[in-house]
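In the two complexes that follow, chain A is the common piece, with chain B as its partner first and chain C second.
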Partner chain A sequence: MATATASLAVRKKKKYGGLTPWVFALPGLAVYIAFLVYPSLSSLFFSLTDWDGLSAGYHVVGLENYRAMAEDPVVTRAALNNLIWTVVTITVPMVLGLTLAVLLNGKARGKPLLRMLFYTPGVLPLVSIASIWGWLYNPDYGAVNAALRAIGLDGLTQPWLGQNSTALAAVMVPAIWLRTGFPMLLYLAALQAIPREQYEAATADGATRSQRFWHITMPNLRPAHYIVLALSLIDSFKVFDLIYATTYGGPGTATQVMGTWMYFNVFQYYHAGYGTAIAVVITLVAVAAGIPYVLSQTKERDS
Partner chain B sequence: MTGTTYTRRGILGMTGLVLSAAGLSACTGVSDDDSGSGSSGGSNKLRVFTYEDNATIGLLKEQVAKFDQQNGTTTTVDSLPGSGAAVYPDKLRTELLGGAGPDIWRIWGGQIGAPYAKAKQAADLAPYYAKYSWDSKINQNAIAGMTFDGVKSGLPFFVAGVGVWYNKAAFAKAGVSVPTSYAELEEANDKLVAAGVTPCGVAGKYGWDIMRLFEYLLEQSAGPELHDKLLSGAESWDRPEVVTAFANFKKWQDKKWLPDGALGLDPADVEPMYVQGKTAYTITGQWTEAVAIQTANKPSAEFGTFQLPTGHTPLRHSGFVEGYMINAKSGNKDKAAALLDHLVQPDTQKALGNTGSTVAGAEPDKAKLPLSYQWTEIAKQSPFYTIQDQAFPKQQSDQYFSVQSDLLQGKLAPADAAKRMQDIVSAWAKTK
Partner chain C sequence: MSGLRKGGIGTTVVLAAGALVWISPLALLVVTSLRPLSDFIGTGPLAWPEHFTWANFSEAWRVGNFATTYRNSAILLALKVPVGVLLSAMLAYALAKLRIRFRRTIMFGVFLGLTIPIYITIVPVFIMLRGMGATDSLLGLVGPYLAFGIPFEVLVLQSFFRQLPDELIEAAKIDGAGAWRIFWTLILPLSLPALVTVAILDAVATWNEFLFALIVLNSDANKTIPVGLLNFQGQFANNNTGLAAGILIAVVPILLAYVVLQRWIVGGLTAGATKG
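Our next item is the complex of A and B:
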């Protein structure tokens, strides 16, 4: 019996490597626990309190903050804005990035310069981008309205950031502008990895340009699509700084998103408990949205 | 060679254990000890956090260095210039929560400074008021603006008077003179528009800048007594005087007396436009002379300033106080208080170029800052009402700015705006 137990232990050790892997994992695990698990659990706890974010004391209020979210009209507005933002700022940069990548993958002149031009907005600080576009949108002196006036479209000039009807769309334009370069680079790299022989064979078989694109290019770009989609999704959920710096959530609350509303509550209104509850919901939604991507990647690896 | 032999695995294992222990101990690093846990401990080091602009931060550092030299301290001065009341308090709060907050910080009075006092992050300065006789040296109204629930949590050093700052050339171009009544102000606006100049340069991003126009309109329509009661929630906002103020506010935009699309514009871009002549005037405080006029290398003589006419007695203007608080957890409270005392000496205040000092004998230099000096004279005869973003907590201010925004976009009628304001203020009054 003793021999059997010892042999089981040895087998287990062989299979899982005993303590040694844990010792190697410990430094990383400690950092992970200290900087991710602990703050997350602590945030979850504070979302169940009425802490003001400054005082030493607080009361546990259970799920009250989550119930209050359901009655907060700004949360509804912010969630809707997040949804619009996510759909638009994922779809448009992906399509534009892919189009630019296909065009620049051909025999375009000045390719390196064009690539740099399209990618440059992505490396600018978001606060600078907010300032630049704030000036561009100035109703009296900005380039956008000036351009419209110059081509005789005076009727289309607007106070872009100063009215509910156009403010969110106006902030999405710089977001698209700065986020197009990154998918373009990823698609370019993926396009260059597609074997030329596939195109040559298809051309020899009489495939049209469109057929080559849909039957060779697109299937080969599938891994790139996944990466671009996953990173764009994460970026979209994280939206905060561009809106904060461009419109400060206004006019009124017209451009509030969950991230900015969480920030306003935690840092400006001294409702840290409520703001943290918003943060918990954002995290849960982001995790739920990421599950299909993780599953697809796992399936792909298994197959 | 009798030393212990270390294997690579052994070293890695030990490192892992040490890091784990350090990481886990950091997780439980919340201390209940309130004594001396500020940024400077009990050493001779102090840290001041402020929002001085680039034009004035050098002057503050010079005066702090002078104090350091005399007292053997080393003081670091950090500034977040141009951030305004919308951003600076967030940064301060984050620092305080991080456990390494400054020993001294600059802050606005009223509801912006109140949370720090309420949360007991700011020290009670009563012992230092007694020690340095600040009560007899500092303007009493200003002290009231930094006293919360009877506790003197701040030392005010600046009192702002908000009024009109105008470009004389723009006024001359339109043939207008300084208005002495609200009707004359409206007439002047019409003439300025006819002359191709946007009259009033205020902006709506953040809400607080365009608010200065509305609060004036409310003072004009409601009068001093009712205005004060409205701000405290003692009277209902759902009344004709408030409706009139909102109707006038909308009129200012519809008649193009404000910049096009004012709601989406940044005050930092719009306010200085009167210096460039792109607008005729703005509504701001006396710091604009040093920060906007003199920074643009323009002579003060090309500009003028006046109180907005209300037609009421007393004639009041919007105003607010700013001062310093000492970190309740600072290990160097005594030295911090000594530094504050140094900063509020009349000579220091003059050297700092304070355009609205709370200290008697530290009026701005009439030759260098003639327009700011004019406000010192105005303040002697004219009281101020608390600027509205200090009268309300930040959340209620933002809700109020939302009402302003909806009204100017035509989504709310003036009467509905008045009702909405009553809902906001009464809900807040119940929590007080």
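Our next item is the complex of A and C:
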């Protein structure tokens, strides 16, 4: 009996590394749990309270905050804006990025420089991107209106960020500007991994240019499409900085998204309970959308 | 036509024109920052300047309090990046090479952090920091910054570590090296390119972080570059050339770092996304 447990222990020790791995894993895991996992879970709890964010006391009100969200017209608007934001700032950069990648994979000169220029907006702080575009959109002294006047389209000049009809579209432009570089890089890496022989064989068989694109290029890009889509989706739900720093969610509620509406509820209207409920909803959507990608990253060829 | 395609001149022209349009906001920013405000108002934002001046930069530097915000952002980088990379590398080593129990569960839990928006954590983190007396302090930002950096860093590093041959580790073990020594003398030196990449991307993300800094830092003496820039933007709303100079002051380090280090940045982004 004693030897049986001992040998079981030995076998277990062989399969796993015992305590040593935990010595390496725990510091990182502790920080991760303390500052990400635990706060996320406590937000679940705060979302069930009427806490104002300032006073010491609060009551548990159950799902009241979630019920209130359903009746809050700003939440409806914000959710719709999040949806529009997600669709547009994923689709447009994907299409632009793929186009650029295909062109950059051709015989152009100076490819490293061109690639660098197209990716540059992607490294800038979101606040600085907001400042740059706020500056370009300035109704009187902005370059956007000045450019329209210069080509004789004076009638099209607008207060781009200052009116309901154009504000959301206007804040999506900088998002597209900064996000096109990433799919371009991924597609370029994927294109360069396609074996030349596939194209040579197809050309020998008399395939046209568009046939080669649809029958060789596109199937080979499927994994890249998946990754771009998954990462963009995860990214899109997080939108906050750009909108906060360009329009502050306005004018009115024209550019309000869940992230900014959460922020205003917590830090300006002192409805911390309600604000966290808004954050919980968008987080659940983001996590659900991200799970397939996370699973694909944990898959392993077990030895 | 075929001659054009052979040299790729047609594609080059199309791409170069596209790149010019793409980069024009930044180019315009540079030109504007170098002209006097009167010149800008007199001839309009798109005209080539009649005069050039450096005065916008000195004024923006002073009013924008950039000496302070630069110092604060630099302190944060120095505190956060080395610790973050080390903690992530240790965790990645345990996941990739040490046969840890619940490995897939840990990986799933950690990578799930990639999907979590920062703003769900701000209320509890704010309460925690207040309890620790760490609000309005750069030190208070380090914990949350570390936590939100870990998922991506571990993702990239563990996939790199897994490619290191087990035979090397076995040989070191036979020579009597323990896990800690193998980590320091074998894994880390062999992974230098991955570590550099992760450190650079982490530095860019830390330098650019806005939401936590906005909430946690109140006094001007503690603000980082993004929060400082936001205040500056409000103050300089009517001074277009000064604003341009201020924005440039805030982004120049990132732009320079990107130009110099882009091989690692680009490599890290694609590796982090595609290797599983």
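Everything that follows uses one rule, which is that the second predicted complex is superposed on the first by the 254 of 303 C-alpha atoms of A that agree within 3 Å, B and C clash if a C-alpha of one lies under 4 Å from a C-alpha of the other, contacts with A are read in each partner's own complex, and residues count from 1 in each chain.
Rule of thumb we're sticking to: a residue touches a chain if its C-beta (ideal position, glycine included) is under 8 Å from a C-beta of that chain, and two chains touch if they have at least 3 such contacts.
The model shown is predicted, which means the values in this text are computed figures rather than measured ones.
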| item | value |
| --- | --- |
| Which superposed partner A:252 touches (first chain B, second chain C, both, neither) | first |
| Chain B versus chain C as contact partner of A:268, first or second or both or neither | first |
| Chain B versus chain C as contact partner of A:138, first or second or both or neither | both |
| Chain B versus chain C as contact partner of A:209, first or second or both or neither | neither |
| Partner chain(s) touched by A:53 [first = chain B, second = chain C, both, neither] | both |
| Chain B versus chain C as contact partner of A:164, first or second or both or neither | first |
| A:286 touches, of chain B and chain C: first, second, both or neither? | second |
| If touched residues of chain A are counted for chain B and for chain C, the larger one | C |
| Chain B versus chain C as contact partner of A:196, first or second or both or neither | neither |
| Chain B versus chain C as contact partner of A:276, first or second or both or neither | second |
| Common ground on chain A, meaning residues reached by chain C in one complex and by chain B in the other | 20, 23-25, 27, 29, 31, 34, 38, 53, 134-135, 138, 263, 267 |
| In the complex with chain A, residue positions of chain B that touch it | 9, 12-13, 15-17, 19-20, 22-24, 26-27, 86, 89-90, 93-94, 96-97, 115-116, 118-121, 198, 204-207, 259-266, 269, 393-395, 398, 401-402, 405-406, 409, 411 |
| Touching residues on chain C, where the partner in the complex is chain A | 5-9, 11-12, 14-16, 18-19, 22-23, 25-26, 28-29, 40-41, 44-46, 87-88, 90-91, 93-95, 98-101, 104, 106-125, 128, 143-144, 146-148, 150-151, 154-155, 162, 179, 183, 204, 207-208, 210-211, 215, 225-227, 229-230, 233, 240, 243-244, 246-247, 250-251, 254-255, 257-259, 262, 265-266, 269-270, 273-274, 276 |
| Chain A residues within the chain B interface of the complex | 20, 23-27, 29-31, 33-34, 38, 52-56, 134-135, 137-140, 158-164, 167, 247-248, 250-254, 263-264, 267-271 |
| Chain A residues within the chain C interface of the complex | 15-17, 20-25, 27-29, 31-32, 34-40, 42-43, 46, 53, 100, 103-104, 106-110, 114-121, 123-128, 130-136, 138, 141-143, 146-147, 150, 177, 182, 185-186, 189-190, 223-224, 227, 231, 234, 237-238, 240-241, 244-245, 259, 262-263, 266-267, 272, 275-276, 279-280, 282-283, 286-287, 289-291, 293-300 |
